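Notes follow the structure.
The chains carry the letters A, B, C, D, E, F and G, assigned in the order they are written, with residues numbered from 1 in each.
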Amino acid sequence: MLSPYIPVFVGILWAALLAAVLIGVSLLFGPNRPTPEKRSTYECGIDPMIGDARTRFSIKFYVVAVLFLLFDVEVVFMYPWAVLLKRLGLLGLIEMMTFLLVLVVAFVYVWKKGALNWE
Amino acid sequence: MWIDYLVWTVQNLLFPVVVPVVLLTGVILAVWIERRGAGFIQDRVGPNRVTLFGFRNAGLMQPIADALKLLVKEEFIPEKADRFLFFLAPTLSMIPALLTFMVIPFGDVLVLGKYRIPLQVADLNVGLLFIFAISSLGVYGIVLGGWSADNKYSILGGLRSSAQMISYEISMGLAIIGILIVFESVRLNDIVRMQGDLLFGFLPRWGIVVQPLGFLLFFVAALAETNRIPFDLPEAEAEIVAGYHLEYSSFKFSMFFMAEYVNMMVASGFIVSLFLGGWQIPWLPTEALVAHVGPILTAVLQVAAFAVKLWFIMWVFVWVRWTLPRFRYDQLMGLGWRVMLPLALANIFVTSVVPFVLGVY
Amino acid sequence: MTSETLVLSMILFGIGAAGFVARRNAIVVLMCLELMLNAANLAFIDFSRQHMNMTGHIYVFMIMTVAAAEAAVALAIVVRIFRARKAVNLDEINLMKG
Amino acid sequence: MGIETSSILRNTALVEPVDAILNWCREYSCWPYAFGTACCAIEFMAVAASHYDISRFGAEVIRFSPRQADLLVVSGTISEKMAPILKKIYDQICEPKWVMAHGACACSGGIYDNYCTVQGIDTIIPVDVYVPGCPPTPEAFLDGLIKIQKIIEGESIRDPKYCGE
Amino acid sequence: MIQAIFFYIFAASAVVMALVVVSARNPIYSAAALIGCLLSVACIFVLQSAHLLALLQVLVYAGAIMVLVLFVLMLLNLSRDELGRRRITVRRVTGVYLVGALVTLMTIRFTKHLWAPAVSLEPGFGTIEEVGKILYTKYLLPFEMVSLLLLAAIIGAVVLTRKEKGDGR
Amino acid sequence: MANVVVQTLLEKFPESVSPAPDFRDEEAVCVAREGLPEVLRFLYADPDTEYRLLEDICGADYPEREKRFEAVYHLYSVKTARHLRLKVGIGEEDPTLPTATGIWKAADWFEREAFDQYGIRFEGHPNLRRILNHEEFVGHPLRKDYPIKGRQKLTRPSNLGWDERKSAGNGGGSDAEAGQPEQMILNIGPAHPTTHGTLRVLARLEGETILEADPEIGYLHRGFEKTAETLTYQQVIPLTDRLNYVSAMMNNVGYCRAVEKLLGIEVSKRVQYIRVIVSELSRIIDHLVCIAANIVDIGALTPYWYCFRERENVYELLEALCGARMTTSYTRIGGLAHDLPDGWVDKCREYIRERVPRGIEETDTLITKNRIFVDRTMGVGAISGEDALNWGFTGPCLRASGVPFDVRKANPYYDYDKFDFDIPVGSNGDTYDRYLVRMEEMRQSLRIIEQALDGLPEGPISIEDRRISLPEKEAVYTKFGALVQHTKLIVDGILPPEGEIYSVTEAANGVLGFYIVSDGTKRPYRIKVRPPCFAIFQALPQLTEGSMIADLIATVGSLNIIAGELDR
Amino acid sequence: MIKIKPVSPPEGKRYPISERIYLVEIFKGMGLTLKHLVRNLVTYPTKNRTVVTIQYPDETREYSPRFRGRHRLKKNPDGSLRCVACKLCAENCPSHCIFIEPAAYPDPSMGNYPKRYEINITRCIFCGFCVEACPKGAIEMTEVSEMAGSTRAVFDKDFLLADGEEPAR
């Protein structure tokens, strides 16, 4: 069962090689004249402002990622079901609708809690 | 037999090597179309002065000049950057982009005597999921690229961008459930093949016909996934300068840039395969074609049909870009979560329940 | 093919477990946990293949789901604690101190 | 060309073809960093608009990140308050780079010879092409751009600029 | 043959990445290495004919869980928090000892499996259809439980991160 | 009506208010420093006067006087449609004045400018620091004893921390707070795509939400006022081009009208009509540029090209008139540089009927009702009419907030009262309304131009006063007398009587005022421009607080900040 | 008689359904851009192209006769300089960029001529005041505005007299 994957693996290697070579060529051929001024962070021509750039960011981003993760898992459960729906018949439909119902409950909860507001 | 080896080599070594190269060439064409198209939309002409050996070649050399120029531009690493990740990030955004095209079929299986050559790099039985899985890795290039440069704008751009991409990934995943229900497979070539059927005897059973809402949702999500206007927030110049690739120069920048276009092509190929009948030429099934024009010409015609559709979608991407304003971050997230997601769920509900109600099976 | 896979699984598990006890950064510890779960997955897949029975796949499916849920909640807790105490090192987080 | 690469290549017969390729791509892909401050910047916008269409020269890719730009177009008056910023941006642009002083103010201070205006950006950074005019017409700008292209055409990896001397 | 070559490539990369995960000082590097490790393991899944799960491994583990982890690392700016602070504690020594014991035990327990004979699989093995068939029939209950688990996780995450008044400002 | 206010003031505050010399029928009084706050408060609050709009505060320097400095306040009452000038003398030893920020928020930056340029200190001002010059600058450049070429280098990009900017402490955030988790300080500009090169906004963010924004200006300060003092009245015209360089023509007109008021002359009807036509054309291009730039910042790219295409057409008209596209220098004191060329009227008519409306309509189709655009702009950067007046808003930004104040109607000049046109007003004062008001104003301008073209009278294009306008070129070449007049006028310049005037016109962005003090020589003693943007931009913190970065960008774009007149 | 025209949409009528679903307006906009594209593509090869671009330097536009470009010193029909070095132009120049060194002709009846006449062209703001001030019509402005060079150019008398030729710089 490996055979269709061989080209994929070859592709991975080739893409990586391509990327490496291109960057390598660029390293080789690009002029390189680093000065402290040049290497300093760009911030609209101003010396970088107070505070580390990697400061702490809004928790909102975390909430997005969590919701993404959990919904992604739910979606994953739907793929086999979708493919099989016609074979599973009514039972499959009911099963998934129950599953979806819980999902919708979760979704509504999240919505009501305001986690979907980004203002 | 040597011919066996030849077929094996073509399938396993030649295709995976050639397809990325074709894609990268496609980027050149895409950039050219984008820039000339924008010109003509805006009552101007677009790049046309680049001269090679005294020929003006309508600006076709423009993207090549750009790429070459970037290749020989100074390689630059910001002082506070995390060097390793700084180099890794563009590679990370490029590789998944090139890989995902591997499972998209650009023609029916070419039958030459006893040899069957699928016109597709890898005919995976989970092809569709493969695209999702690999493209979900594209996020790392952006996130790490933004983070490693240690610049506020880039980090903001990287975070924004990744939040946007993952949000729309959900809608994207849900949008195709309907297609799966209808076509009962995750193997892309099967899906395409089934779109050759006719509905009511005359209408090609394309995904867009059986899943119009799914198509719309998928298209919008694809725009968002490829960071195109109206979803180009991560690099919204007006707000955060150049976003996550702000500190990138030379070819590393170029790789982000190319990854965007390759992603567009992948998205277009994906849309075409799922919703626009892939390599199918409407009303002309493979068997009929083979019977009339022979296998080779059939393959050529089918690849051509695929290419035409793909470039049409690409053009729509460009066209949309030059027409619409961009969303604000919160509106974009709101659209993704509060509009697209419920709609996609509704789409699934309708697609799965209606046949039962109608007693189709 | 003999089951090198199982060996690999054990090696990964060992590394993960070692990290689990040796690291103090809560998030790294979490990552080590994921590594261990992953090693378990590998073992399940291998058993499944050896026995030609796909139940192992279902287990892996479930493990992934649990891992996702666990990561979501665990990280939420980390974030929460961090915001309250500004620390993520397990040694420094003494829940009893209030 | 990297310094090492160019010092290796400088004495070989490859110089000519390599120069030709490098100069060709740099010439036709001159991405500007629009450092526009005043009236001249508005004319710069006009150059980007349909009638003059800077994109014909492949230069419509206006980058606002100095890392990705090749040509620093300084359009407009540079006040003393702005001067260090201009310097900084110039420093941050990656090699190779060129500078165009667009307009009387950028060239020389123009009509503003007073307490707060820099008398020409060449007192701060090197300038390759001066475009007089207040504001220079779009044609004048394009003429300046063509001059920049000419300059690029004449460069060689033997130049100290590329050999690191 | 090819199978074996690929296996050793991926196995080696998985082990190396795993070592980086536990030893890197910068958690971001740990996370990056873990992603690499997960991808290698996914490739091994493919070799084991677990096609669907290989992709789910990428999709869920590498593509979603790790995004979350990375986000948290960035949001909390943890990259520098752990630098240069390592102590050998009693707890740790005990821990390492226990780990060693555990691995040894497992080795003994699994010995007979280690020399398992090669088997030939039927064509549908590991495909989405087969997995689905079992999942939606035999493992119906766990499947429905999953939805509740996820519900709980969502609620937990949202509640835990909800902003309280006077928090963070 | 004329001097009712002055009379009332003299009666009510006999100790502190004294009459100012009468000149050109302007209402002006001198106020003693001690009585200033009461007078100001009275003028603001008294229902008869209601001077709700503080148009300008500026300094002036008279080294020979006993009280060396003078602060000049220009107030305007929308109710009575009248201006009032208050002059307060201050001695050099203690150049302090009470602040007016408690009454008009607009006073904030005007006072900072007076401090920066003249060193007049305003006590009680929340944040009195330099505004136009850089923070390493020593001295006050507009003082008469400061050398015009006294350049001072800035050694590093100005980079004040939050604490330093708020040194006087008006309750904003601090550096310490900025170090809080989840907050960061983001510097936007000056070298940033949306700030158009010269504005700078420092924003304290939480996530993407702006907790506090602090604008910083002066990056295009190029010493208009000081330079103007060294040129003759005629030579200042090219300088005015470069104030609001997008609609240079209007500055020409505004300036010339001011000097003509100083001279006490009236230009011919033809000149007036031509000035109206070119002003309205300029208004159109100004709005086109503003809308195009604003929309590009919002992310829709194509309207930019459509707007600029039409602008190019208008430029063609202007170039035919004066020989340059942007920096027109078309008007002259007492008239115009040239008459209309042959066929210009027809061409203009064709353009404004066929070309310009096309661009407007295409933008309209692409943008106005597009939900994405509406979402991005509606309710963004909103300000109420009352607040807007208090901040000193004028022009489209004020009208978008629902205050129908337009100098062209309120204090008509050049027959504007005879033209039939509407004043578009919005209701919410948000970015969307500002956009709509500008769109509609362009259409109204087209109407005005049509009417002006129709009614264009014949007549001379400059007045027949050889002390003011140059003789015909032909005459100069051939007639000795004309040559002498010509030479004399060039060398000696125009010599207005001693006095001071303040004259306003409705420029594209709002009220453009010129305050000119003449000491009888050929050079203006003091010119103060009252630029509309200056007042508008200072309200940015209020407009953007609590919104997102993207809103900030949309808002800044819709305010149409032209650095040339902002920083001068 | 101030007429007011309210422009904002009345409260509550902000989002008619056609706008709310995004699509109608988006299609309208896309129709417009497509119209431009097609029209421009179709007419591009023909004479009356709708693309407005002037393809400088292959094409140039028509300048206004009053165009204020580079200066030129004029000559009398007999070839002598018209300029009498009266310095009025320099006097009237707001950016003080004209420098004139007068000298007398050997024949006193012919008056003065400029020995040096220089315009610091990078400082000049092309206001045309010098032309306006000249009592002899000795200086005029041409249609040439392209003067880019790699130095801060100062145009001397010879160059200003030359009829629009490119200076050797």
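Keep in mind that, in the parts below, a contact is a pair of C-beta atoms (placed from the backbone, for glycine too) under 8 Å apart; a residue touches a chain by one contact, two chains touch by 3 or more.
Just so it is clear, the structure is predicted and the values come from calculations on it, not from any experiment.
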Q.
Show me the overlap between the contact partners of subunit D and those of subunit G.
A. B, F
Q: Please state whether D-F or A-B has more C-beta contact pairs across its interface.
A: A-B
Q: Starting from the Cα centroid of subunit D, hunt down the chain whose centroid lies farthest away.
A: C
(Q) Taking each chain's centre as the mean of its CA atoms, which one is most distant from subunit G? (A) C
Q. Whole-Å distance, subunit C centre to subunit E centre, using C-alpha means?
A. 6
Q.
Counting only Cα atoms for the centres, state how far subunit B is from subunit D in Å.
A. 36
Q.
Suppose each chain is reduced to the average of its Cα coordinates; what separation in Å results between subunit B and subunit E?
A. 29
Q: Can you check how far apart subunit A and subunit E are, centre to centre, with Cα atoms defining each centre and the answer in Å?
A: 17
Q) Which subunit A residues touch at least two other chains? A) 5-6, 27, 29-33, 38, 40, 42-47, 49, 54-59, 61-62, 65-70, 72-73, 77, 79, 83-84, 103, 118-119
Q.
Show the residues in subunit D shared as contacts by 2 or more other chains, in ascending order.
A. 1, 49-51, 53, 56, 64-65, 67, 84-85, 88-89, 94-96, 111, 113, 134, 137
Q.
Which positions in subunit B are in touch with at least two other chains?
A. 38, 41-45, 48, 70, 72-74, 76, 124-125, 129-130, 147, 152-153, 155-156, 159, 166, 186, 237, 241, 246-247, 250, 322-324, 329-330
Q) Can you list the subunit D residues touching subunit B in their complex? A) 1, 21-22, 24-29, 31, 49-51, 53, 55-58, 60-61, 63-65, 67-68, 70, 94-96
Q: Can you check the complex and tell me which residues of subunit B touch subunit E?
A: 82, 84-85, 88, 124-126, 129-130, 132-134, 136-137, 139-140, 143-144, 147, 155, 159, 162, 166, 186
**Q.** Parts of subunit G lying in touch with subunit B, wherever the complex brings them together
**A.** 26, 29-30, 32-34, 36-37, 40-41, 44, 50-53, 55
Q | Residue ranges of subunit B in contact with subunit F within the complex | A | 38, 41-44, 152-153, 156, 160, 229-230, 232, 236-241, 321-331
Q) Which positions of subunit A touch subunit D when the two form their complex? A) 27-33, 35, 37-38, 40, 42, 44-47
